[in-house]
Structures are given as C-alpha cells and as structure tokens.
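Following this message is one structure expressed as structure tokens.
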Amino acid sequence: MDYLLTEEQVMIRDLCREITEEKIKPVAAEYDEKEIFPWDIVKVLADSDICGVYIDEKYGGMGGGMMELCIVAEELSRGCAGIALAFAGTALGAEPILIAGNDDQKERYLPDIASGKKLAAYGITEPAAGSDVAGMQTTAKKDGDHYILNGTKHFITNGGDAEIYTIVAMTNKAKGARGASIFIVDKDTPGFTFGKKEEKLGIRASSTRELIFTDCKVPKENLIGREGQGFLLAMRTFDQSRPGIGAQALGIAQGAFEAALKYSQERKQFGKSISSFQGIQFMLADMATEIEAARALIYASARQIDAGVKSITKESSMAKMYASDVAMKVTVDAVQIFGGYGYCKEYPVEKYMRDAKITQIYEGTNQIQRNIIALELIKQSKI
Amino acid sequence: MSIKVINDKCTGCTLCVKVCPFAAIEMSSKKAVIDLDKCTLCGACVDSCKFDAIELKRDSGKTPNLEEYKGIWVFGEQKKGVIQSISYELLGKAQELAKKLKTEVCCVVLGHNIKNNLQELIHRGANKVYVVDSPELENFLDEPYTNVLVNLLRKHRPEIFLCGATFMGRSLISRVAVKLHTGLTADCTGLDIDEKEKFLLQTRPAFGGNIMATILSKNHRPQMATVRHKVFKEAEIDTSRKGEVIVEEVPKTLLASRTKILDIVEEVTSTINIAEANIIVSGGRGMKSPENFEIIEELAKVLGGAVGSSRAAVDAGWMPYSHQVGQTGKTVCPKIYIACGISGQIQHLVGMQSADIIIAINQDSSAPIFTVANYGIVGDLFKVVPLLTAKFKKALNK
Amino acid sequence: MNIIVCIKQVPDTTQVRIDPETNTLIREGVESIINPFDTYAIEEGVRLKEKFGGKTVVLTMGPPQAEAALREAISMGCDEAYLVSDRAFAGSDTLATGYTLAKAIQKIKNFDIILCGKQASDGDTAQVGPGIATQLDIPQVTYVKKIEEADEKSAQVERMTEEGFEIVKTSLPCLFTVVKEINEPRIPSLKGRMKAKKAEIVSWKAIDLDIDEARLGLTGSPTWVSKIFTPPPRPRGEVFEGEPEDVATKLVEALKDRLNS
C-alpha cells in the first residue's frame, strides 16, 4: 500500500532498511542470545542522523515528528526489536521534555539525544505500580533549590545504559494522581543507582533495570512543567508513545512475515513448495492483511499527532493494541509455517515470537488499552 | 605518423639521446636532431623530454610497421632472486604460441644479482633471456620496472608480451601498455593464435565471469596479456635445451623512482597457501559458524590439503580473506576441490572450475555447485564430512 | 589535502543470471551500483579529508545515468562531483578510459592524492588506475591496504602482496588503488543523502576537455572484442544421495585411486 510518504520519509525508511539489513540482522541472534547492548548500532544510528529524526532542527535534530519516529522504529524492529529499543526507549524518555520541557531544558538535553551522544529512558513503573499510576511510591521532596528523590522504579528500558532519565515521582502524595511530577535526572547524580539487569524472554539486546533513588538530590531546574502536572504529562506522553510501540510491533510482524513468505517458497514437501498449499496460502494472506491494517492505523494516528490533533488517546491506544496483537499472532503463525525449524534458534522466527510478546504488555497492557478505548468511546458518546 | 623537435623548446639537455633505444638522436648545435631513418617512432624520447620539445603525431593511434614485430616475450617475475612459478606457466603457453607463429620465445628478467639463476628459464623453453641487473631493480618498483621494460620492448619489438596477473604484474603491465600505447587484456584464461591473420586471441571472462570474451589488438604491438596463477600448466624442464642469456644495459635515468620500499613484511601462515595446494577443502555459508570450520580443517589435514572458503564465509568473518576462492579471491587449480556448504555462485565457480575433480557436498540438490561437480553428495555436510575424514584416514592408512 | 576519487558505475554482477534455455545473460532488472571496490576508495577519500582537511572530489566517466553513482558518493561525504559523459567515449577500452579520465583530472587540477578501487567488478582488469597515473606521469601504489601518514609532499602506505605487505613511501601527488581491507565504507547519513539530492553535478563532454579525439572511444582503443560467448557448461557429474554412511563410502571409493597416485 502506498502511504504517500514524503521524499524525506522515504529517505529515512530506505536508510533504516539499509542499516537493518547490513548492520542489525547479522548480529541480531548473537545479541539476543548473549544479551549484548547494541552500542555499535547506536553509533551507526548516530552517524546516520537517525537518533534525532523526531527532534526539532533547532536542537540538532532532523525536524520530523511522530511519523518519522514510527518509520524508524518499524524498520529497525524488522531486524531486531531489542536493538530498536535503544532508539525507541530513548524517544520515550525524551518525550516529556519534548512535550513540556522549557527552553533551557530542551537546550541542555535534546542536542545530545539528537546527535546520539546520549540515550534516554523513561521511569514510571514501580514494583507495586504498573498500569495503576496513582499507586506510585517514589517521592520527591522539595528542599531549597533541590528535590530529594526516594524510591524504586522497575522494568526500565535502557536503564543503566541511558544517561538521561525522565522520572515520575510524587511531590504531594496526599493529592494522589494530582500530586505527581516529572523530573529529569542525570545518570551520575549522587544517590541514583541501578539494580540488576533483568533476564527476559525477548528483546534481550535491550537492557531492563531497576532505578533506585536514595536521597537523590535533583536541581529544581530539572522539574518538567509545574509540580502536580506529572500525571497529566505522563498520560500525554503515553498518548504520544503508543504509536511508536505499535510501530515496533509492526516491524516485528513484518520481519517474521517476510521470513515466512520466503521460506514457504523454498521449503518443498510432496515435491512442491509449501507455498502452493492452500493451508499456507490462507495463513500468508491473513498475515499480510492484518499487518497492512496495523500499519494503516499506526500511520494514521502518527499523522494525527503530527498535525496537532488534540484528542488522540483512543486512536493511539487502538494503534498500539491492534499492532501488538497482530505481531503476536503473525509471529506465532510464522513459526508454524517454519514447522520444526521455526522452533529452533537456527532460524530467526522464534525470536520474533519472543520479541512480540512484550509489545502486548508494556506501555500499558492491551487490557488497559481496551479499557482506555472503551472509556473514550463512552465519554465521546455522552451528550 | 611524424616526429619533430621543437627547437624553441629544446634546451639541449641530451636526455632524449640517452633514452633512445635506436641511437637515432644526436646533438647538433645544442639541439636534438632525430635521424628519421633510424627512428621507429617508438616515443621513448617524447616521454623523457621534460620540456615537451618533441612532438609525435600518431595517425589513428596505430603502431607503425606492425610486421617488424617478431617473437613472444614473457615477463620473468622474480622475488628475492627466485623466479616465480607463474613465469614457468607463461613459458609453457608461450612455446605453444611460438610454434604456431614459427617464432622464438624470450623471457625478460629485472632484478639484482640474478644472473646466475636463469638457466631454468632456458630449460623451461626460453630461447633467449634478457636480463637487466641493477641494485635499483632488486625489489619491484612501478616506475623503474616500467621504464626499463618499455625501453627493452621498444628496442626488441616482440609481437606478443605476456605477464602474470600478480600483484606485481598487474601494476606494472598497465603502466607499460599505456606508455607503449598498445592494447592489454587482463586475466586471460585462454590464449591462441588466429590461424589466418596470426593475431593473438585473448579469451577472458567478463561480466563477473558470466560470459567469455575473445579480444584482439589488431593494429597495435606488442599484443599484451596477463594470465592468473595456475591457469596454465608449467612448462616441463628439459635440461638439454640451449639458449642465450643477454645482459642489457639501460640508462641510469630510467631507474629513478618516486616511490620507495621502506620494509617488506611477510605474514607467516601455518596453513598451506591455497593457490599452491593440490587438494582444497572449502566451506561456505552452509558451515553456519566459524567453529564448524574445524571439520573442514580435519578433512583437509587427512588429505594433506588446504582450507578454502567462499566469499559468503569470508564476509561473515568466519574465515580470513586469504582463504577466499573466487572472482574477488584467489583462482585455484587443485587436483581435487571439495566444496562443502557452498551453493556455487558464479563468482565462486570462476575461481575453482578448472580444478581436475570437483566434489560438492550440499543439502540443496538444485544448488549451482552441482552443475560443475564431478561428484556430488546431496546431504547434511555435518554428518558427511566427519565420515569422509574417518574413511579417508582408513583408506590412506593414516 | 585535495583528493580525487575515480569511480565506475557497474551492473550488480551478483544479480546477473544465465538463462538456462538460451544460455545468454539475463540483464533485465539488474541494478546499477557503484563498483564495490570503489566504495572503499570513496570512504578513504572522505576519511583523509576529515583527518587532514581539504576536499574530496569524485569523478566518473559513463552514461548520464552514472550521475546516480556520483550522488551516492556525495551522500558518503564527497564535496564535488564530475561526470565525464559523451557518445564519443563509447567503446573505450582501458587505455582510452585512462586517457579520458586523466584529461578530466588535469582540468579539475589541484590534487594531492588520486584514489581508485583496485579493479571494477564487471571488467576486473585493474588497468585503469595505473593507466591514469601513467598518463598523468605521477607515481602509483597499487593494492593499498592502509594509508599511514600523509603530508603535502609525501605519504606512507601499506601495499598488499602475495606474501604479506610492503611499507611504501611515495612523493605526492600519487595515485593509490585500494583493497577492501583498507576500511569499512559508511552507510550514507540522512544529511548526506539530502545534500546529495540537491548537489550540483558538473558534466563535461569531450569538447570541454583538452583532448585528442583520435584517442577516445572505440577509435582510441587498441583492444577489440571479437567474440562473446557463454562458457560451455560442464557435463553433469555423478550425484550420490542417501544415508551419510553410504554416500561417504561411495565417494571415498571413487577418489581412493586418485589420492594414492
């Protein structure tokens, strides 16, 4: 399907495709198995001007937006979703600064992100507070020119490898969700340490760690927006980030599908390639159609964001939920088409299947997405 | 064609007098004068003149007096005073061609203190060996080697000049051909004489080895060609053969060089050089990992052969480039070539298809490698290769 | 330091297939690419500029479509691009090509280093690089795998040989042909690609160069292609299929005598 991408978007897509084929695919299996953080790929992305596609030119970026971010996330995930997260996780961490950061904060942090010199991470989830943001325990107490952070963040993508962290903490616990605020925390801030790296089913080239704050002193200039805006800003960040997660899921599905389509034509049984069997043909047709539908939904919601449409919650949730469900189904089917070989690590499809699972879980589980979509539907239908 | 000295530009430096191979230039009232009876319009003086004072007009670029060019020359490549086997391979072919042309075979060797090592060239079929012996020629350097060869070729005018397509040969011969303004065909896999016209028929692969082209230099002499190592068989040694070693002197000015070798580093490899090996066991993409090359090495060891590799395995970083067989690697001509897990892209085939016996082991029975294989095994190489190692070991009593 | 990189646009020979019916080349759908060896020359040219300052110019001779190869070179970091294109150049062999490129280089002027790939993947002659150097009467070092030092007057490089390598010192200007061991060509960046899209390509015809027309194209080429044919396929050999144990035994039997001799 022709999505009428701009000349620049086509260039970004082709460039990322080249990086995926030449640099990511050859190392994907090894990085997955050994849980290697893809610093070499980050360097390639930085040298290729990819890290800043969604950042304003004023801050050294390429001046694109969500659509460009989605194109990159999709293309890189076609090769390895774990490696793609070094980029996508950084975009998520940068999002609160992009949405609500002041000029000083943007000038201090965005150029290093745009140039690929530093990675970022977003810290909201806690051991006892996943989708229930209001149950958050991490606190930030004002103390003169500083805030003192205490608490633990959990399952943080790029945790320990990123230099720049945007952290949600309670400045006024009594106010519940209305008492949350977001801070920018530098990696080397005293009192900021990391827990052990999680061992995961998929996206194993991506690092996931605990962030531990023990009387961690953050200058008050690093508060994004105003005190108490944190919850709202976190929700706006999610609205913006979901199409990106959708794009990641889309890339996983596309990669698995391409492998399955190719294999179905190479693999011969009963003297014929298995692609000549209707059972396989129907699977391929369904996979391709669902992928295309997911892509249409993601691109449409990304373009809505870029056009400045205010109410995007429902559409971005739909994009994330649908694309990640498609990714799970398509990758399971891809393994099925590969048969016994698909179950073995020698072929890439089992990895796509493992990687796909997380996209149904993080950035709000797909159950939460359905909640959000339903609530928005009801809200919008009320007169 | 015509040649003349532009008197306004001539400074009387006499450089052209020194380089003229035919003693056709004299000084007269401090200006160069060309004796047109002796001059062959070879252009040596034009190249030597630093003041652009000699003008040579070539009509349609043809070499004049084509019929005066006689004999076949072979470049005798030496390193550390040792003649390289490529030169013996060229001598073998040169003798065949000379028979058809009813002419003689000459070999030209440049180096230092090499005069005593040249009998074998005669025993291998050279009627004459021309030698230039000078300290400046001890190691190969593009400029002096080119200048000296151009000088000799202009003087003796062979109709054919053959050179090895080696690192040395390819650098050198391209410069020589440009200076002589003649045709050069690289990497010939076939050389023959056109029976009627007596042209050298130079056949080489083109388009990545997908097609063959036969190339002629009709109007230019010498007809020059390079040939890769192991394409032709070495000439047999016959110690009863007699020949002449002719020591040539060249003007010192030809020996100047703007490049200088500071050091020669030999990278010692414990494995047998694949270009020299009689048996090669090669692995390709189907090996799946560098560790798996161990089974290839074991088979090669039992057979007393070398380990080769396809480009795919080299690009993947499983094997060093020095083991690569094919278009962009080495051309090999072993007695037995065993290709394991190599699909047989044309680029690989051009590098090994002249092996006497080719054996292919591959899972995919439609792989192109089977089209050139004398024996094919369709099966899992990880099972077959270790079995072969064990069975050969037994059969060879090792 | 001013660098000129000479490149060639070639058909991607890895895509070329033979039609099994007619035994002829299938050229349809074969992409044009920069000669793979030349990408190392471009990368080295850009790296030298980044290290020593100056500019890197890319030059090609070919049909108008070769402009795409020049744009790709610009996207990798070259500063200027020149296309030498004229029907008069058609049919050039390596001698005429070297002559034409040398004439273009003389017109570009001001160069310290000329870089070429070691050979082109379609012709594989490795003759044009040394040809250019000879026409320009400058020294050359072929098969360079490392450029170690360079200043305005001289450079020190490593040259690959059959046995290892030589360390060679040369005066500048000099022409180097490079091998793939020398570097890893970069993937052109987004900014590079955008710059390349807009870049101006200087295009020269024969008339723009101070050139002797008798030395161009087919007339200026001593070598003529007299015949083109596809290599005859080898007769199909014996194929063993079945249990590994059996096939291994059969092969060892078939080869045993050869090995003992």
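Labels A, B and C are assigned to the chains in the order they are written; within every chain, residues are numbered from 1.
Operating definition for what follows: contacts are C-beta pairs under 8 Å (C-beta built on N, C-alpha and C of every residue); 3 or more make two chains touch, one makes a residue touch a chain.
Remember, predicted model here, so these are calculated numbers, not experimental data.
Chemist: Among line, ring, star, complete and other, which one matches the pattern of chain touches?
Modeler: Chain contacts: open path, no cycle.
Chemist: Where the centre of all protein Cα atoms falls, which chain's Cα centre is nearest to that point?
Modeler: C
Chemist: Roughly how many whole angstrom separate the Cα centroids of subunit A and subunit C?
Modeler: The separation of the two C-alpha centroids amounts to 42 Å.
Chemist: Could you put a whole-Å number on the gap between the CA centroids of subunit B and subunit C?
Modeler: 19
Chemist: Can you compute the centre-to-centre distance for subunit A and subunit B, using the mean CA position of each chain? Integer Å is fine.
Modeler: 57
Chemist: Taking the touch rule as given, give the residues of subunit B at its contact with subunit C in the complex, in rising order.
Modeler: Those residues of subunit B that touch subunit C are 58-61, 79, 139, 142-143, 146, 166-168, 170-171, 174-175, 177-179, 181-187, 201, 205-220, 257-267, 275, 303, 321, 327-328, 335-336, 345-347, 353, 357-359, 365, 370-380, 383-384, 387-388, 391-392, 395-396.
Chemist: Touching residues of subunit A toward subunit C in the complex: what are they?
Modeler: 7-8, 11-12, 15, 18-19, 22-23, 44, 47-50, 53, 62
Chemist: What part of subunit C is in contact with subunit B in the complex they form?
Modeler: 11, 13-14, 16, 18, 25, 93-95, 98, 121-131, 133-135, 138-143, 156, 159-171, 174, 180-181, 214-215, 219-231, 233-234, 236-242, 244-245, 247-249, 251-252, 254-256, 258-260
Chemist: Spell out the residues on subunit C that touch subunit A in their complex, using ranges where they run on.
Modeler: 186-191, 193-194, 197
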